[in-house]
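In this document, chain identifiers A, B, C and D correspond to the written order of the chains, with residue numbering beginning at 1 in each.
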Amino acid sequence: MRSAANSVSEHRDELVELDRAIGDGDHGENMERGFLAVRNQLELTVPESPAAALKSVATSLISSVGGAAGPLFGTAFLRASTAVGDAETLDGPTVAAALRAALDGVTARGKAEREDKTMVDALAPAAEAAEAASTTAGSGPSAVLRAAAEAAETGARTTVSLIAKKGRASYLGDRSAGHLDPGARSVVLLLNAFADVTGAE
Amino acid sequence: MRSAANSVSEHRDELVELDRAIGDGDHGENMERGFLAVRNQLELTVPESPAAALKSVATSLISSVGGAAGPLFGTAFLRASTAVGDAETLDGPTVAAALRAALDGVTARGKAEREDKTMVDALAPAAEAAEAASTTAGSGPSAVLRAAAEAAETGARTTVSLIAKKGRASYLGDRSAGHLDPGARSVVLLLNAFADVTGAE
Amino acid sequence: MKKIINAPADVVVDALRGMAAAHPDGLRVQTDPAFVTRSDAPVTDKVALVSGGGSGHEPLHVGFVGSGMLDAAVPGPVFTSPTPDAVQAAIGRVDAGAGTLLVVKNYTGDVLNFETAAELAEAAGVGTRTVVVQDDVAVQDSTNTAGRRGVGGTVLVEKIAGAAAERGDDLATCHEIAERVSANVRSMGMALTAPTVPHVGEPSFTLADYEMEIGVGIHAEPGRERVELESADGIVRRLLDPVLEDLPFREGDEVLLFTNSMGGTPATELYLAHGIAERMLADRGLRVTRRLVGPYITSLEMQGMSLTLLKLDDELRRLWDAPVRTSALTW
Amino acid sequence: MKKIINAPADVVVDALRGMAAAHPDGLRVQTDPAFVTRSDAPVTDKVALVSGGGSGHEPLHVGFVGSGMLDAAVPGPVFTSPTPDAVQAAIGRVDAGAGTLLVVKNYTGDVLNFETAAELAEAAGVGTRTVVVQDDVAVQDSTNTAGRRGVGGTVLVEKIAGAAAERGDDLATCHEIAERVSANVRSMGMALTAPTVPHVGEPSFTLADYEMEIGVGIHAEPGRERVELESADGIVRRLLDPVLEDLPFREGDEVLLFTNSMGGTPATELYLAHGIAERMLADRGLRVTRRLVGPYITSLEMQGMSLTLLKLDDELRRLWDAPVRTSALTW
């Protein structure tokens, strides 16, 4: 999680720029503030289980990010936490289930479909890729996350040519095309960070 | 008077620029508005005497220019009108007396001395030169006005290096040096116009 | 970036501190989480009105806290909606047991965060209703977008529903009146220049010297079109026509005309535009009987304006006229 | 030049027309010559207050016409003082026989034109007194200049002398009170950007991106110094120090703090600066008991602010608190 926070901080300006192009320029600031809160909270009390950790992340995000991204990423981590249940360590299928739950949460709250040029365009292929990878024999959590991150990256890249139908970028109409969606980019940053850490463990 | 109005209109932008450098940029607009009013008034009722004409100019200026220049030029023409008295045509000495009265009026109202970087730096040498020229045998009004206009021009040029002590430019302190005073420039424009017309008559 | 600030990240809290200092009698200000309440809240038996949203639109919402308008306002970071816990904390502070009406501008972030806040409040035993204001006719294709944005109409909803609450209407009635205002109000805005968000440091968009943006949102979201600068007559017509067509407003309708500065537009220009709008409305047979002119919902220092029209009925007019005492609106 | 106007030469009159439309009940607006009066003027037996000056500083003076403040305001062209006949016409309209107090900001043009107007009014049988406000401490060498300019203090003179007139004080007393405010008030301003006068079409001065002008006047006259941009703390200190030293204000003094926007500065920045000023004054042992925060004396769209301090006594505080109902100031 610390590495996710670092990655978000490092990419703050990139996210701000992406959001400035088709939104209101606060996404980098919002995410940085959120993951600083996450890190502080996790340093204060070490969670007892993966589910508790995910729930702590959700609460920190919801109460510090604001904007559209706060409730959406918050819901994603909250649903992931529920999906993980009382698992003590995360195996491949659990990771995949968590990502699927996260996706369902985001679409339930935000009502965005694929190709609406939102974080869903990264998260949906990530969840699918994770499921596919987890059914391959011998795929541990690290391989699943790596597959998810790669699919998210590809998915995020498709947002460039899309016309936004949800979120602030939708007001741009045709003019939203030609820009990467900042929320989708954040999904990629987070999944990459998780994959890196899990791989290194 | 019409030619004075034309000259002011032609130089509107120059006066605005001069005032923008060391004042608030309205002098050209103010003078143009004033002399338009003067012209309209003179077209409405043809004054019966030089004194009446000067008084009409004064009233038009006072009631249309505003700013510092309005009351000062207004007073100048008002005093000139009184000085001219019931003269039916203006000879050299009367012109000189009118300019002296105008100067006295301006200094009485505005309390500026020479070298304060105001219209006084053009009007004072003009009045002196007019007096000197009018005592030369055979100097008609046109020669007197020409001498006044030339002295005003030289006087106005001295304002460039001066530091303003009166009017809005005084707030600039040392920074007012290096710029021609717009009010002094207006005096030059007016005297030149009068000299041209009188010479052509 | 030229601003009178210390650290960009502290702007909202620093401004709230100044607001607390400036209005020691009327307002109570809390900074963590950040919200502003009227000093006499909770007001016994009164329905509470709570609004909020990203900062940078002042006086909306914090300037409208006071008797006859909002009980609490929850400012988020600049242009970013506040978090649910902040909203819930504000509700908890002002709810007097008669329930709380939430006034929400229609932006994904505001809607989602207030939704969660309402759930949290309900869980804590507070009855809530929510009105989502969406009066910006600049957003044309509302099915392929996040929907119409809440803009100038929000000020009118807060004033009128606030008056209803102040006279003792219950939650359902306050909500009904707020929805009635919302259903009868339409707005459109334009910009001559872009604002600069403190933590971004650069203008939100770039307009050439001869361009203006028609249909701009209060977060400097792009509008319907970017066109060459026109006279005030042309600008007002470009705002008024789509507003009039939308409801539609008809000949004989009694309306409130709200001419709003986006922040950086001087009073002279605003009054000038207001005069033109009044004349154009009169030409079309509408009766302007109430008006509001000033910077009430802004986008930082953006130069520009918006026009808001509300169709009045007797009750809405009476509630508009009812006394209000806030830092930004008083009569 | 980006402005919401039609012809630059018509800006003032067009804006007055809009003002008339916006405030049909409270104001009467005349355009030739241009002046604004409260609709119930002349008010029987009341001393009349008349002020005026170049336009572009709104709400000063037109926004302060109403009960408890000005009876008439006479707006000149943008940044140019009005002519004597316009001022005299306004005096003639509002004088009720109890005499008229003229509130004049100390600029050569204003002083001269109001002087002539007073002469004309006296000749027409109206008793007049004049207070010349000169509170701008940025002007240091007042013997080698046109003297200190009238800035923020003017708003306070108009409010307090207006309250004196409203309670029935005679002309001599209103004048004495106005002079008392004038003697006890000091201001200083700064700018981040320059305004553009409509008929000029270009900014009044040029500041680099990293520069600010300290001690600027409301016509964008240059200030004491042009320095590098600083934090809000630094800016407020640069304004407050010379103000405090000047009167001087001393520990224990009761003061009114007026934090003014030059026009283009958003409310957040203004409140933020106000909070800092309150803290600095508290640190020095001054007691701020009254405050005013907002854009009340502006320079078109100029970004920047000014701070004004008035030393209060019991009577001035009471007059400050007295009700006022104008388009820009109401309580």
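Rule of thumb we're sticking to: a residue touches a chain if its C-beta (ideal position, glycine included) is under 8 Å from a C-beta of that chain, and two chains touch if they have at least 3 such contacts.
Remember, predicted model here, so these are calculated numbers, not experimental data.
Removing subunit D from consideration leaves the other chains in the touching groups A, C | B. Note on connectivity: the fewest chain-to-chain touch steps from subunit A to subunit D number 2. Averaged C-alpha coordinates give centres for subunit C and subunit D that are 29 Å from one another. Each chain gets one centre point, the mean of its Cα atoms, and the points for subunit A and subunit C are 32 Å apart. Averaged C-alpha coordinates give centres for subunit A and subunit B that are 75 Å from one another. A separation of 54 Å divides the Cα centre of subunit B from that of subunit C.
Among the residues of subunit B, none is in touch with two or more other chains. Looking at subunit C, one finds that residues 78 touch two or more other chains. The set of touching chain pairs reads A-C, B-D, C-D, using the touch definition from the header.
Contact residues of subunit A toward subunit C in the complex are 16, 20, 24-26, 29-30, 33, 62-72, 109-110, 164-168, 170-173, 175. Here subunit C touches subunit D in the complex through residues 2-6, 11-12, 14-22, 55-56, 58-59, 63, 78, 192-193, 209, 212, 229, 231-233, 235, 259, 263-276, 278-279, 288, 291, 293, 295, 298, 300-301, 303, 305, 330-331, going by the rule given at the top. Residue ranges of subunit D in contact with subunit B, taken from their complex: 54, 76-86, 107-109, 112-113, 115-116, 139, 141, 144-146, 149, 197, 199-200, 202, 204, 217, 219-222.
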